[in-house]
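Paired with chain B in one complex and with chain C in the other, chain A is shared by the two complexes that follow.
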Partner chain A sequence: MNTFQRSLPPRPFESKGSTHAYRPHPGLHPDPAGVGPNPLEPEGSEEERLAKNPVLAKVKSAFAGEILSCRDFRGDLTVSVKRDKIVALCTFLRDDPALLFDLFVDLCGVHYPERSGAEFEVVFHLYSVKLHHRIRVKVPLDARDAEVDSCHEVWKGVNWYEREAYDLVGIRFRNHPNLRRLLTHEEFVGHALRKDYPYWKRHKLSKPYPVIRDK
Partner chain B sequence: MENVKPYRINIGPSHNATHHLMRVEADIVGETIEYCECEIGYVHRCFEKMAEQMGWNQVITLTDRLNYCSAPLNNIGYCLAVEKLIGLEVPPRAVYLRTLFSELARIFDHLLCVGASLVDLGALTNFWYTFREREQIYDLFEEVCGSRLTTTLTRVGGLFRDVKPGYEKRVREKTKRLAEAVDDVDNLITKNRIAIDRMRGVGPISADDAKSYGFTGPCLRAAGVPYDVRKAAPYLLYGQLDFKVPLGKHGDCFDRYLVRMEEIRQSIHIVEQLLEGIPPGPVNVDNRYLTLPLKSEVHGNIEALMNHFKLVMEGVRVPVGEVYGYTEAGNGELGFYLVSDGGKQPYRIKVRPPCFAVWQAFPQMVKGHMIADVVAIMAGMNIIAGELDR
Partner chain C sequence: MGMTMGAPAQIVPSKLEAVINWGRKNSLWPFPFATACCGIEFMSTLSSHYDMSRFGAEVVRFSPRQADCLFVAGTITDKQAPILRRIYDQMPEPKYVICVGACAASGGMYDAYHVVQGIDEIIPVDVYVPGCPPRPETIIQALIKLQEKIAATTSRTR
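Let's turn to the complex of A and B:
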């Protein structure tokens, strides 16, 4: 039934009696935290899908002890890797003829303050134009040492994305050519997308913004 | 010329040629650009932080302000991502209408880019041709959702509202005139010696560089890489529609212009196919956890009133999880990386704006060109600061 149907004008105060319209839909679980049956989900259970995923098999064979976890939620393959292996993994993903992740899609930082020891995550999204597959690579980081090697030499586009992750989440990238704030002003204090940064906070910014070039 | 010290000039942030707020600092020798650096962030308002303070449905209003030249595409991309996270299929009529709105929005995004970039090259007439038709399409959106620029067209689980009777007929009339306008611009520009001289070979990028930078959309296809989300991972109705993806060869300004022109024609073709059979039926899922009940029910029935109240005060809740939903927006792949903790608000939203990657390659593309070419390249890339800075 259409919510905003205009062909008939709404007739207020006309009771329809008990109506069938308020049954919970079978597509969404009434418990918001529960994952309902999903018509868009690929076939098979998560374990089955992971077991027959060729990309994951390839990655696992090359980085046997370095993969922390892998998931397949709604058809998105996610691989978590130890932080000292990220550049090696990215280079492998780009160059291996069976993977060929040549299109760099996205990089971002996420803050999970409740996860002790893995408060930050750097998330890569990659795509292969030739082989039509996608992967999400995650690097969990400890808040006490939120630093990871920069991947700017693997894909050219990574440079600004890492600057953005540094600017908004406060993750530092080792060997980055110009690790400065990108979107916010130089005088900005703190990192806006951290969960402990209040959204109403204001800054007084006085200086003009110099352009400093990549090393 | 070898002993000449480079002279540093500043273009922007508020400059006619940038169209939006971006800053370029360039070292020039004579009139040739030796090196340049870009600075962004002038319209940064931290979309992602704002989204974390709002309900899932309220964020749709914010997505209008990303690429404000084609707001419906952002709305649809965001809602598809949220529906992927919920695991929800919308009714067939909503799928049809969303596809139709996507293509209309793509047409006016490309018309804006073509018209505005030609103005920057001095061809003002085309601007009137393209913008006259663009206004006509804006009328079609105004009829549906009441606003022209920031449409907020979709909702999680469907659309804001259904179209009025006779909508197909009005779309058909306007797309007919649209094809004529595209032909007018085509006749004026595509074989025009001055335009070709200004655009051919200007700002080229190789296919490998484009992929490495993360180019998507017309800029990537102009470099000869066959990647279009509508073909690579068909969403909505694109798997069943007949259309071609135009490819360029050199990755220069002229190829970008040609790709956009052909995409407008293909989009008109898609719209014509869609108008053949829009199915009747509802445009929202019948799910009381997601869509508001009918007003007549709300006014006459306590359960519906409570339902309405709960949905307005608490909003939609989506399951725990994380997805990356991506669609083909006007400038390329628009991705939403959504993390949900099962609460009323998104835990984290990361937008992957197509412009960000494209603008990053600007210093490389502009190197060795003249200052006048900066304007041509900048306009041909169709950088929208709203989604560049978020």
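Let's turn to the complex of A and C:
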């Protein structure tokens, strides 16, 4: 401790008898014991948490044979579903009064080249503003037929996210109203976020294209 | 009146070229093509604290047809490259380009599938400004360098 620090008055949590409630961040504290339960590590094993998750119970009762797998990572629920059922599941998640996932947070495409038969995955992140719970829905896809039904009619915001996933990962969305590239330009060849795409490979654009135009 | 009556004739011999260059270098009309944080530094260069008007280059025009000094400040993506080229083509001669910051000069940290690795792929550049982003002093120095370059221009070197 240098002289400058010593000249400062004691901070509230250092002074004895202070009622100031100071709780260090559990990740930074050398001794997490004594600072209360770690919010990053919920109680119980993963199986126990899944068994008593009301959202999962509801989803499982409606889509019994369609759920491929489910996980609970630090209290966040993830459900993998067969690709034929994604629109039905999303509509159910949005409309069921016990679920009410009214806020579509994110959709992204992921490339797992090492996973034979499920090289691609579409991931939805959903949140319920009314009931304050979250779910992550995954749809694994085969690289030979990387196509899935579009969910743009369930949440309007899905439209551009699906265009982004198509642009960068190359997943096609059936029945999408306007499946064009969103971020890269019209003369771009390939899908830039695939793992086998050389990150430096560029495609020069020959002329400016209008931003707004008919389909 | 009495002062000028007795004074000798005030004649400064010069070349027409030098007079034209003197006028050009002290009255640059910048066009800001700002796409990233370098644009913020450029705004700060223009405003009162750094005050680029001391060098005669404060009247920013947002039409390329009314400007003669293009400031490219920020990352230029492949999608934007034809737009930048068209703006450069629309500027009347004589025209100058100052390339502000690492991204415009070399792509900066974006060695990637979507970023132009230096705007000299598309348009000729007069002065490069290093920095990420460059400080306003650096941008002013680039302007002074450009003025020196204009002053040294002859009809042969143009």
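Note that the second predicted complex is superposed on the first by the 170 of 215 C-alpha atoms of A that agree within 3 Å, B and C clash if a C-alpha of one lies under 4 Å from a C-alpha of the other, contacts with A are read in each partner's own complex, and residues count from 1 in each chain.
Assume a contact is a pair of C-beta atoms (placed from the backbone, for glycine too) under 8 Å apart; a residue touches a chain by one contact, two chains touch by 3 or more.
Not measured: the values here are computed from a predicted model.
**Q** Which partner does A:192 contact after superposing on A: first (chain B), second (chain C), both, neither?
**A** So A:192 meets both chain B and chain C here.
**Q** Considering only the touch criterion stated at the top, classify A:103 as touching first (chain B), second (chain C), both, or neither.
**A** first
**Q** Based on the superposed arrangement, let me know which partner A:74 touches: chain B (first), chain C (second), both, or neither?
**A** A:74 sits against chain B, while chain C stays out of touch.
**Q** Is A:116 touching the first partner chain B, the second partner chain C, both, or neither of them?
**A** Touch partners of A:116: none, neither chain B nor chain C.
**Q** Applying the document's definition of touching, compare chain B and chain C: which contacts more of chain A?
**A** B
**Q** Is A:129 in contact with chain B, with chain C, with both, or with neither (first, second, both, neither)?
**A** Only chain B is touched by A:129; chain C is not.
**Q** Could you say whether A:204 touches chain B, chain C, both of them, or neither, answering first, second, both or neither?
**A** Second partner only, chain C.
**Q** Could you tell me if A:157 is touching chain B, chain C, both of them or neither one (first, second, both, neither)?
**A** First partner only.
**Q** Can you give me the overlap between the chain B contact set and the chain C contact set on chain A?
**A** Shared contact residues on chain A (touching chain B in one complex, chain C in the other): 183-185, 192, 197, 199.
**Q** Sort out for me which residues of chain A touch chain B in the complex.
**A** Going by the criterion above, the answer is residues 1-7, 10-16, 19, 21-25, 27-30, 32-41, 73-74, 76, 78, 102-106, 108, 110-111, 123, 125, 129, 132, 134, 136, 155-157, 159-161, 168, 181-185, 192-193, 197, 199, 209, 211, 213-214.
**Q** What residues on chain A touch chain C, complex-wise?
**A** It is residues 183-185, 188, 192, 197-208 of chain A that touch chain C.
**Q** Please give the residue numbers of chain B that touch chain A in the complex, ascending.
**A** Counting only chain B, the residues touching chain A are 23, 25, 35, 37, 39-41, 44, 46, 48-50, 52-53, 83-89, 158, 160-162, 164-165, 208-209, 211-214, 216, 225-227, 232-233, 282-297, 299-301, 303-304, 307, 317-324, 326, 333, 335, 337, 339, 342, 348, 350, 352, 356-357, 360-361, 389-390.
**Q** Note which residues of chain C are touching chain A in the complex, please.
**A** 78-79, 81-83, 86, 111-115, 117
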